[in-house]
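In the two assemblies presented below, chain A is common to both, partnered first by chain B and then by chain C.
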Partner chain A sequence: MTVTANRPKTEPEPTVRAEKRANPVRFLVLAGLLALLLIIIAPLLIITINAVKSPADYASGGPLSLPPSLYWDGIVDFWNRVDFGQKLWNSFITSFTVAVLGVLLSVLNAYALGIGKVKGRLWFLVFFLVANLLPQEVLVYPLYFLSKEAGLYDSLISIVIIFTVIQAAFGTYLLTSVYQEFPTELLDAADVDGAGKLRTLWSVVVPVSRPTLGVLFTFFFIWTWNEFFLPLVFLVSNDNQTVPVALGVLQGDRLMDVTMTSSSGLIGILPALLFFLIFQRTLTRGITAGAIK
Partner chain B sequence: MRRKGYWPFLIPGVLASLLVIVVPLVMTVYTSFTKWNGVGEQRWIGFDNYTRLFEDSLFWGSFSNILLLILAMAVVPTLLGLFLAAVLFDYVAKKFSNRWASLFRSGFYLPQIIPVAVTGIVWGWILHPEYGALNKILETVGLGSLAHNWLGEPGSALYSVMGIMIWVQLGYPIVMFMAGLQRVDPELYEAADLDGATWWQRFRKITVYLIRPEFYVVLVTTTIAALKIFGPIFVLTGGGPSNATLVPSYFAYKNFFEKAQVGYGSAISTVLTVLIIVLSIVFLRLQNRAERKA
Partner chain C sequence: MIRSRAGLSAGALLLAASLGLAACGGSDDSSSEEGADAKVLSLWHYEGPNSAMGIAWNKAIEEFKSSHPGVEVKFEEKSFEQIQQNAQMILNSDSAPDIMEYNKGNATAGLLSKQGLLTDLTEESSKRGWDKALNSSLQTTTKYDDDGIMGSGKTFGVPNYAEYVEVYYNKDLFKKYNLQVPTTLDEFTKVMDTFVQNKVTPLAVGGAEYPAQQILYSLALSKADRAWVDDYQLYKNKVDFKGPQLKYGADTFKQWVDKGYIAKNSAGIKAEDMGVSFTQGKFPIMISGSWWYGRFVNEIKGFEWGTFLFPGNKLHPGSSGNLWVVPEKSKAKALAYDFIDITMKPEIQALLGNNGGVPVAADAAAITDPKNKELIENFNKVSGEDGLAFYPDWPAPGYYDVLVAGVQGLINGSKTPDQVLDEIAKPYDENLADLGK
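The block that comes next holds the complex of A and B.
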């Protein structure tokens, strides 16, 4: 891409505008970026147009033709076949519970480490950092074994417990650095008012840090929703599967025709897209939260 | 005011972490020194799993695959993302508008939000040898001879996965770098302008220099993500064809749950874990040194 052109020097407004109109480089850059955007979006567009195409139209027009009429049977059949409503509910309830409990656990940990500055806090922080780095493969077999012993195998409860702890490891790490900067005057004022530690946490620390907690909640929810490996191992029966697991194991199923496979893709994209739109503002703020030191 | 007596708040976190992280971790490391099929008795065999591992060509193959995946998941997206973030921040936002810049950013980020199983469906569909859109497109433009079974042939499977992973990863560095650029003083760019610096000079001397903290964070997190990669391999290729796309985590998974060689699988995961932790320490050091120099 040719983007080496000089930027206009700071000059009076009209000249800049005239230059804006005339400069061909601008449009080359824009065209290049639009082409790249199209390449990125194309797979999703192709999946979408084929999800609403009948197998007959697909056979005559191929994957790139627009469907002559909208055909919903692929989506409806797929939805009914895998009982998709159940999968959505499983994913939702798991992700939501993990997000709530994960934030709660992070807050308790970070309160002790960031504000309470308990002894050995550096080691606790190193522990939570390492816990973040661990590949799930190194935990999976004992967890699988222990959950069978405890009668929690193939149950959403095991997934909730495991992900609450895993997400809270990240949350503790992030939130501790936020709480270290917590304004001491507020804590002192609560002390003077005779508020206990639990009360201070609940009525001072949590409300003040609510934006950060919102970001954590969003992260935990989406991360848990998208998790694949541990749910694949733990949720073996149909009724317990989450959306990614159900879609992942159905792939290559001989009963799925071409357009139905496409429908399953679209059905998997839509919830993620919905969360993205709902949470976009929190997310773009939050993605960078981990980078700020 | 010295704050004391907060340790009770740590109790739930410590107990839960012991249960879900510490105990399983210790169990896996212990199991890696035993022979065990998951039921029955565990037999201590010392370092046998590890000596077997270092002689196993599949193990080495999985690691050389990972090197290429680090290229596709960390190196290429980070460099390309840096360039694109600079174009969006220092060109599009100024010559067009911020709305254009954030539109592109959201678009490039889109693949990041899609669950990995769905990525597998989307790309499995597009690259399918019989009905896939890519082969159809190639035929349409008269390049039908290039069409083949992208994910199903040992020669092209890994490269196809690499291409898909670049697609998945690209948005993350762009968002991170653009956020990092927000804290750059605009006067710096204006001053460089007045001195007649070209866009490329500003990119090299200002953007790249100032964005270093984010650069390290992105490079570490994406490299670790590449080392851990499981989902995309599971849904796209299952490690095949003939192990052409085998990666350590999938190799461990197969030993745990398909071959019932739990001890061997534990050894693989332990090596992977050690590698990730060592790499993180090295990166942290490099980052600290770079910061001290600045």
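The block that comes next holds the complex of A and C.
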């Protein structure tokens, strides 16, 4: 598989372009796409509108009215109330550590399973797949007792360990199928050059599959960032909580504070959104990239 | 009784796992002085800082600090969800707080008390007079028996506030159609007829959540007495779902829908949207709990509003609020008791009342805010008649969703009242059978 050969032509013939421009179907498609785009960003828009609306305006105008003036108190109050800076840091440090360790573990596993072709690798893969399909609710009690025994209950380390394993299970599964298609020419060449197994991994396999690893890293980071259930169970102290858990503070027994919930929602997703924008280039490079250069 | 060894050890393991270390603490806490020399009191609750409870409890923490110099109070605001989901796991670990707010009810405080995770407060409560401050329907939710069922047994919690269901009305709209506050159910019906004649839907209802079932329950209560409530809520005697109370409730609710008091589309409306539609002035009447009160005081700017009790009823849906509980693993029990004592003081109770809450032990004279006075006077009236009838979804686990579905069927006309009563009787009776009653 080569990347360079099937790149699409960037410059279509001028005459064809003119013909296409006159085609009314194109406008319909464009209008349809715009409508779709609007549907997709509508929830975000509504959150943003309500985030900068005062509770009284919300009470008199409802969720869809535009705020008469910008009201930042909701965001500021929420930030101070839950010490949001601390939560951001907790989320960042756990997500980042999980992403790094998860990718590392996936690479090592997949190298053994995909390229090393260890015995019974099919069963390993089935095992990892099943581990992926298990709902987290099933894992809660065993993990709770284990972490209590190990003294890791109410500690970020427990979350890092748990999610490294969960994410690496998916990573191993995906990366193994990528490595099974790994060009044997490269491996043979490395072998001929006298590279050992480790050397082959670090100098050949990892650099070639770097785009895939980048994708995994980004996904692991965002997935871990958005995790709610297990952090809710394991991070008891407020000082240890992550962003999604902190957002839960606003959901009361019977009442909810819509404007402040929107504010918190907005500042809660911004970091993940930013991260996504920064790393979207690695995502577009494709999940199964790999080439003989 | 012969069991296999494997079964026995599995049972033992399960017991050890579920009770965990909780049982160890129970043996040596004979005196209330335990933990009096602790230097830290960790305290959790999940009320917002601007809510009546949040304000009053902040003040209580300050008072506690000044009466206990040298003790550090580690307060953490928790999320309702986190406590609801994980209380059992947290209280069974070393991360348990010394005192915390927790939900009343069989499935929550009852369950934890049964598992030995909560401290028995019976002795402390009579010594410090908390029991005298609470009338008997308020005390129902503080006591749990050995099976974790409320109403009798030991005291495991202390509530500071109460809640009850009342009728909110838009004074401007009442004035527009020359209507008076109704005092009987007939008058109430006439008021709603007037609105319907003028093409105004009278009731804001959230059929997708708790509000609709509380209306049905209020209607049933209009034909009920305390003995029936005890039968329904505390399983004293078997309840006939086709009896005069619930049958009347379901039939009348259906009539209200047919007459147009309740909009057909309200089956899909959430409680939050119901509240907002009332604050927007779209509906003249809303039947719901006192928990809206503080919010309406702050947020309704466009019209005058007021409240009255469900006309003609002596019994109203409502109960004590959430409880202060002391986990069995608390390291500062004596300090926790001192803190509860402070929250029951008149000035803290008055502060609660002046901020839109319903204090359990307030002197109405100490409530200066005229708006809040109305709320508390109504409550004192209910409380004086011992009229808190709890909530319809309490008797069985998962009953809330059963009731929501049943009442939705009534609103959108897909089920007859009899079908709905059959449908909601089934899980209720099954729960009774599970409890062996």
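For the reader, a short list of remarks on this structure follows.
One rule holds in what follows: the second predicted complex is superposed on the first by the 215 of 293 C-alpha atoms of A that agree within 3 Å, B and C clash if a C-alpha of one lies under 4 Å from a C-alpha of the other, contacts with A are read in each partner's own complex, and residues count from 1 in each chain.
FYI, a residue touches a chain if its C-beta (ideal position, glycine included) is under 8 Å from a C-beta of that chain, and two chains touch if they have at least 3 such contacts.
Because the structure is a prediction, the values reported are computed rather than measured.
By the document's definition of touching, neither partner reaches A:Pro67: not chain B, not chain C. When the shared chain is aligned, chain B and chain C each come close enough to touch A:Val245. Of the two partner chains placed around the shared chain by superposition, chain C is the only one that A:Ala56 touches, whereas chain B remains out of contact.
Of the two partner chains, chain B is the only one touched by A:Tyr111; chain C is not.
By the touch criterion defined above, A:Gly214 reaches neither chain B nor chain C.
In the overlay built on the shared chain, the residue A:Phe145 is in contact with chain B and with chain C.
Contact with chain B, but none with chain C, is seen for A:Leu273 once the two complexes are overlaid on the shared chain. More residues of chain A are in touch with B than with the other of chain B and chain C. By the touch criterion stated above, A:Val236 is placed in contact with chain C alone, chain B being left untouched.
Residue overlap on chain A between its contacts with chain B in one complex and with chain C in the other: 58, 62-63, 144-145, 232-233, 245, 248, 251-252, 258. Residues 1, 3-10, 12-13, 16-17, 19-21, 23-25, 27-28, 31, 38, 84, 87-88, 91-92, 94-96, 100, 104, 106-108, 110-111, 113-118, 120-126, 131-133, 136-137, 140, 167, 170, 172, 175-176, 179-180, 190, 193-194, 196, 198-200, 213-214, 217, 224, 227-228, 230-231, 234-235, 248-249, 252-253, 256-257, 262, 265-266, 268-270, 272-273, 276-277, 280 of chain B touch chain A in their complex. The residues of chain C lying in touch with chain A in their complex are 17, 46-49, 76-82, 85-86, 89-90, 93-95, 103, 210, 271-272, 276, 279-280, 289, 291-292, 295, 298-302, 322.
Interface residues of chain A, counted against chain C in their complex, comprise 55-56, 58-63, 81-82, 144-145, 148, 153-154, 232-233, 236-238, 245, 248-258.
Against chain B, in their complex, chain A makes its touches with residues 1, 3-7, 9-10, 20, 23, 26, 29-30, 33, 36-37, 40-41, 43-44, 46-47, 50, 58, 62-64, 105, 108-109, 111-113, 115-119, 124, 127-128, 130-131, 133-146, 161-162, 164-166, 168-169, 172, 184, 187-188, 191, 197, 201, 222, 225-226, 228-229, 232-233, 243-245, 247-248, 251-252, 258, 261-262, 264-265, 268-269, 272-273, 275-276, 280, 284, 287-288, 290-291, 293.
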